[in-house]
Each structure stands twice: as C-alpha cells, then as structure tokens.
Amino acid sequence: MRRKQILGREDVARSVRRMAHEIIESADDLAEIIVVGIEGGGVPVAAAIAGELRAIGGAEVPLLRLDVTSFRDDRGGGLRGRWEPGCEVTDRVVVLVDDVLCTGRTVRAALDAVLAAGRARRVLLATLVDRGHRELPIRPDVVGRNLPTARDEFVEVGLDGVWIVQQGVEQ
Amino acid sequence: MSAVGLLSSDGLASSGFLERVARRVDELVGGATAQARLAGRRSALLFLEPSTRTVLAFGAAIEALGGVWVRVDSSTSSLVKQESLRDTLRVLAAQGTTLVVVRAPWVGTAALAARFFDGVVVNAGDGVGEHPSQAVQDACVIARARTGRAAALESLQGLRVAIVGDVRHSRVARSVGRLLAELGTEIVGVAPRPWQVAPAAIGAVGFTDELDDVVDEVDVLYMLRIQRERLGDDIGVDLAEYVERFQLSGRRLDRVRPGALVLHPGPVNRGVELDDVVLASSAMRDGEQYALGVPSRVALLEALTEEAGWAS
Amino acid sequence: MGLVIEGAHLLRRGQLIAAPLRIEGGVIVGLDGARSGDRVLDARGCVVAPAFVDLHTHLRWPGSSSVDTPEDIAHAALAGGFTTVVAMANTDPPVDSVARYRAAHARFRELPVEVVQAAAATCGREGTRPVDVARLRAAGVVLLSDDGDPIARADVLLEVLEQAAAAGVVVAQHASLPELSRGVMNAGELADRLGYEGVPEVAEVALVARDIELVRASGARYHVQHLSARESMNQVRAARRDGLRVTCEVTPHHLGLEDRELASHDARFRVNPPLRSRATRMALIEALLAGAIDAVATDHAPHPSWRKDLPLELAAPGMLGLVEAFPASWTAVWEQLARRGEVSASWPDDPGALAGPAARALVRLLEVLSVRPRQILGGSRDLDVGHQADLVVVDPAGRTLGGGGGVYRSANSPWQGRELLGAIRWVVRAGAVVVEEGVRVPA
C-alpha cells in the first residue's frame, strides 16, 4: 500500500477559500444560501466552506447535514428515507458539499433528498476533490481540485490534506 | 457634481493617493482598526450589474468604517427605462446618502453618476471601461507578495507584467495595466488579434499573440477571465485554440522566472485561463487577492472620505 | 420709413465693402445712408451678410417626442442668424411621399423661418425602394436624403441618382458604411483607452469613394452631409476637379470639437459621425479656408435629457447647434489663424479693422453659411438691390456664451458654458428686425 500526499493543509485551505468565492459568485444574495454537507467526509468540508462564507459575507450561513444512506440506489433496501433539514429549503440556493466526487451516486441520492424537502430555487454541487469515473450524468459546479485517479485507488480527504492510496503489492 | 471620487485608476500613483492607501492596507492587515469615517453616514451600492462578491466586499468595508449601506439594483429601481440614473441618485441624496458605489454594464456610468451626485462616487466597474479598486488591490498584492509590504510600491519599478486574455473587453486590463504602468512596470499585452487594443489603453509597450514568447520573461502574469459568450466562430477566437495558445498551463508555468506571480481577478474559469496545476501552484496568488479585497477597500474609502473632509 | 445699417462692412461677391445698407419695404433698396425717419442700427465693427441657410436641421415633425417644437427650433435658427433651414426627413413617419411632403410644408408655413423640407430618398427610409423622385420634384422637393442612415445599397443609390439627375434634385448622403458604424465615438487610441467601440474615418471615406463613382455614372448632383474625415475631403476635391457636381457640408462641431471630449463620458458629445481627431479637425478648417467646403450645416438634433443623461452607449446621438453655429465656427477658424501666426495678438480685444487673412477667413465662413448653401438649393442670396432683405449682422469680435442663451429647450448643446468668439447682433427677415442682441423681437 502506498500513500502519496497531493495537497497539504494550506492547499486545502486555499481551495476552500476559492470555492467559497465561486459559490458567492453563483448566488445573487448571500442570504439565500444554505450549505448542506453530505454525511461522511462532506460535513467538515461544508463547515469549512460555511466558515469562509461567514468571513466574506459577515453573516451566518445555515449549515446542515444530510445522511444519504437511505436514499442511495445501489445499496439495496428500497426503504425511502426522509431528510428533515431543520430550515426552509424552498426558494433557497442549496449548496451540496462533498469531499470526493466519483461515480456520482452519492450526489444523486443527496439530490433526491433535497428535492423532496422543498422547492429549492437552485442546487449547486461543490466538491473538494473530483476524481472522475462518473457513472451518472452529474457535474460539479464548484471544484477544489481535479484529481484524475485509477479506479482501484482510494482518495483520502480531510482538512489537513488529501492523499491518494494505492492498494497493491509492494515491489 | 461630485468633487471627490474614484472613477479611474489614472493619476492614483502620481498623486500619492495610492501610496497612502497601500500604507494603510499594511496597517489594517496587521490588525489596525478602521477609522469610523462613515459613522452616521448612509452609503448606497448602486449595482446595475450583478456581482455578489463585490457587493460583499464593499459592504464589509463600509461597515468596517462604521457606515450603513443599502443595495440598489435594477430590480429594486426601474433604472434606465423609466427612472433615470439621475432620478435614482436624487432620491438617494434626498435620503441622506453621501457615498455611492457604482457598478454597471456601461462604460462611463460612474462618471455620469459623479455629474448628478454631490457626494463621493466610487467606480466598482463600469462596462469594459475601468475598475480602479481592483487595480489598487492588485498593486498592493504584488508589492506585498514581493516584499511583504503593500507600501513598498517602488518595488514594482522595472517589473515586467503580462496581461493575458480578452484585453479588449476587460476593464480590469485597463485599470490594472495603466496603474501598474504608472508605477514603473513594463506591461505587455498578450491576446489573440481580435482582442488586442492600442497598447496605451492598458499602459503597455506592445502586444503579442504568443504567450510562449513572454512567459519566461515576465515577473507577473495577470490572467484575465474569459467570458464564454465572447468565444465563437464569428468572433474569430475559439475555445480550443484559446486554451492551446493562451492558457497558463503547468507546462508553461515551468518556464516562468523564479518568484513570478500569477494573478487573476476571479472567479477563474478552470481549464480555460489556467489549468489545475497552476491553480494549485505556489505562484498562484488569488488567495492574496481575496485576502486584500476588504482591507484595500477599507483603505480606499478611508482615503476618499479624508479627501472629502469627513471627520471620524 | 426704412431700416439702415451703418458703420459695418457688407459681404458682397466675396468682398467686404465698407458701406451703409438701406432697407425699405422688405427689400434692399441701396447702399445709402439714413434718411430722416429711418431706424438706424449702429453696426460699427460688424459685418453684414445674407442671412444664413442651414442645409441640415432636424425639426422632428411629424412624430418624435422632442421637447423642442418646430416653433422653438425656428426661434433658435433665427437667434443663430438662419432664416432658411432644410428639414430632414427622418421623421415618424418619414417624409417619403407627396402627401407627407405637403403636410410638412403646411405645418411649417407659418414659421418665422423658411423651411425647405427634404424628402427621404427611399420609401420608409428603408434603403430598398427609391421614392418617386419626379412626383416629389413636381410637388416642390429640391433635396433628397435618408439622413440618419446612408443609402447603403449601390443599386438603390444608383437608381436614386439617376432619377434625381433627370429631375434636377440634389441627393444628400449621410455617408457612413453601416457595418463599420456601430461604434459610439471615433475609433483609435482614445476609444480603446476608454473602452468604447469606435467608428473609423474609413467608414465614411469608403462610402464617399464608392458613391462618387456612382455619381460619375449618373451625372447627378450629390452632397456629402456632415463630412467628418480628412480623406473624404480629398475625394470631394478630386471629384470636383473631374467636373462632377459634388458638394459637401461640415458641421460647427466637427470644426470646433475633437474626440477627446468623450473622455468626460458626457453623451452630449455623442454624434454621428463622431467627433474626430485633432489632425482631422485641423484639416477640415484648412479645407474651409481654402474654399473646398461648400457649406457649414448644423445637423441640429434636439434630444430630451432622458435620451442624453445616460451612459454613452445607451444615449441618442446628436447635438444642438443653430444658435452657436457662427461663433463656434468662427472660434475654430480664428484659433487656426492664430496658430498660423496670421492674426494680431491684440485682436479681438482691440478690434481695429479686420484685415488680411482674418478678413478673408471671415468672408469664407460667412459665404459657406449663407451664399453657397443657398446656391445648392437653387437660387441666390446676396446683398443686392432688389433682393429680399434677409440678413445677419455679426460682430466678429463679440462673445457668445454657448448653450443657446435660453432659446433651447433641449439641453444637448456641446457648447454649453464655453465662451465663443463672435456674436450675432441683429437678424433681419423680410426687412424687419427679428433678433436683436440675441433676443427675439416679437413680430
């Protein structure tokens, strides 16, 4: 197993700041933005983005979490979940945040949840890392870093850095 | 008729205004508090062209100076069609507004506002004409990046700067280029032919349509944002060709001088003006540009209000 | 009881003659002094010329929401020394038929100035079908123009020229290639600096060059309106040398203002064709002094403030100019003479006799404001015994403050607030003093 660091803490912070600015540019008004972190790695990234938005705009931006396990289509079950956002979604600009975008299935599930919770004016997708390998027609609006990877590699993402982990036999 | 205002970047360096602002930027970044020069005063952000980021930056600056602000845009006032700019400014003045920040899609809007408004007028970008606050911010960014101090503007003397992209349709190119030229830099414009202009328009010594010819000779690469609407067959510039010839790519970045800076007014069109490698590199200074956005505007407004004789 | 102008120089056949002028019964009766009972105008230091003729005015009737009515514009014309104006046909609807021509004629009949109504050259001013020139001529039309727009298509222009040649009518062209005229100011470094799209001089020159060949083929009389480019002037001169009946007019603003006015972003300076460079302006003044320009015409274009108090790109093009036409042009000419070193530094503050180059220049200017435009319309206007007493008394050493002196309702005079050399002292129409020191004298 080999672990290679692609981004350090500073790089991640810069990417988050840039992403926050791009998000602002896509909205007419900071007051209409809700940041939703996809449960798992998306939550700390969402918190970091919300923090940047607050620093830029001077006002708190609602920060929510979304657990998509019961919405995913590829894990069987058939039990349809419901997401209780805790604040009004209708007419807002919902920014879905994840740490890594790969096949797109997680995002698709998150989109189902958001759309069921109300009629958002717009939904944006922000991801810290885009790995490629899409299986659905999902495209991110805001990306921290494009990271082309092989399918059998893992990408570890945190606010302290991003690593690519290769499984395989050591030479 | 406005007596004090920031309509253009012309003359900011030679008058000493920029130096005062830059010194103040250093102080503010170092933790100094802004003076409450706008306390008890109303300001208006007259934005006839959307830009949330710029609204927030100016809004934050006004608040830091103790002021309150309202936003007036095409949706809140039937501008141009029924109500004229003149009428809007008259209403604002009647409400006690003494500072107006103007952004509009038409060249000369800020100058027009200054004719009809007696308070302070700040041009936040009018059509493809001027964007002086961006120029002030970026002059400070370059000085700070090279010396650690924005006030060290003399460090820009002799620097070579390439301004790359759709120069013809860029107010940033005009204001930034002319201001940096006033500070003694040597500017070269890099653009496909349909997007070139008279070099003096951006303070340049000339134009080239070959980025590769200059990339290893300049100290600053100022990359302009490409608007997709301006690309297309009938305009003579297509996206693929633009990327191949004018994109600052990782490979081109390898050839730049050590210590060279890459700036962009933001937001970046990933994969068009810059690629991911450049975005992630240490040469890319957009972070510093973002960081100085509010302090440079605070310093600007402080200097303008001082000129206007508004005590803290 | 007559009217006598004493102490002035009279402009007669290209000369300044020191003589009194006596008017009685609406006509000039002689170069005699006053008799008892005559009203005497003390015009020492002044020059008397035939009243001015403006080949290019926009009366904005029918249609159009202008704050200036035709009456207002006629008043402005008189204040500027004009007793005849040619009204352009880019109205709403355009004057492109006998019926509309007659309606305009009737509307303007009672105005205190003579209005020569131009007819459009193409139906609806659309540039595709020529009007019925012969019928319009029979109704009284002497000049055709699609002004506001060029007659761009060569086949259409050729047809218009051929019909006009047969009918004896002048074709006046707003000469600017549409595909090169999208800009708002003169093309060049200043436009690039400011960020405005520019209109290059070649937009005019190329069209004039083409048109002249069509004139050559048709034998028509052709008039270049608001000529603004140096090379257009050369085209016109060459055409005249070849015996073609080509004339041209220049506006006071193209003689007195340059593209650098646009640096103020003030839409009062937006006009078609745009204000040009210093070098071109100098060349036009030289052409005027050399006698190559046939007329100074104002292209007087009133616009309400809500069309001008806008960013340049959104504002309507056009300037006022009737009241300031003479002083603005004379100022430009005077400054050129001063640059050449041909005028005494003490003049005009110490006005002795106007002599030498300055006198010749004044003669030229007055002729292109009165005598020569009259000839283009057919007819003559001179200070001759028996002629109707339409005349203007100018003081070349006087001062005029630009802006119309309260006569304009619209506010788009580019001369607003500028002090101009030269003043209109009196205007006489049909033997009656109608303007005195800038003030309208009630009938």
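All chains are identified by letter, namely A, B and C, in their written order; residue positions are counted from 1 within each chain.
By our rule, a contact is a pair of C-beta atoms (placed from the backbone, for glycine too) under 8 Å apart; a residue touches a chain by one contact, two chains touch by 3 or more.
All values reported here derive from a predicted model rather than from experimental measurement.
S.K.: With a step meaning a move to a chain it touches, how many steps does the shortest path from subunit A to subunit C take?
M.R.: When the steps are counted carefully, the minimum from subunit A to subunit C is 2.
S.K.: Going by C-alpha centres, which chain is most central here?
M.R.: B
S.K.: Quick one: which chain's Cα centre is the longest way from subunit C's?
M.R.: So the farthest one, by centre of C-alpha atoms, is A.
S.K.: If you tally contacting C-beta pairs, which pair wins, B-C or A-B?
M.R.: B-C
S.K.: Round to the nearest whole Å and give the separation of the Cα centres of subunit A and subunit C.
M.R.: 69
S.K.: Taking each chain's centre as its mean C-alpha position, how far apart are subunit B and subunit C in Å?
M.R.: Whole-Å distance between the two chain centres: 45.
S.K.: Nearest whole angstrom, what separates the Cα centre of subunit A from the Cα centre of subunit B?
M.R.: 31
S.K.: By the touch rule stated above, which residues of subunit A touch at least two different other chains?
M.R.: Residues: none.
S.K.: Could you check subunit B for residues that touch two or more other chains and list them?
M.R.: Where subunit B is concerned, no single residue meets two or more other chains.
S.K.: Note which residues of subunit B are touching subunit A in the complex, please.
M.R.: 50-53, 56-57, 59-60, 63, 266-268, 270, 276, 279-280, 286-287, 290
S.K.: Could you list, by residue number, the parts of subunit A that touch subunit B in their complex?
M.R.: Result: residues 7, 11, 14-15, 17-18, 21-22, 24-25, 27-30, 56-58, 143, 145-146 of subunit A touch subunit B.
S.K.: Touching subunit C in the complex: which residues of subunit B?
M.R.: The touching residues are 80, 84-86, 104, 106-109, 111-112, 115-116, 126-130, 168, 171, 174, 197-198, 200-201.
S.K.: Residue numbers of subunit C touching subunit B in their complex, please.
M.R.: Per the stated touch rule, the residues are 188-189, 192-196, 264-267, 305-306, 309-314.
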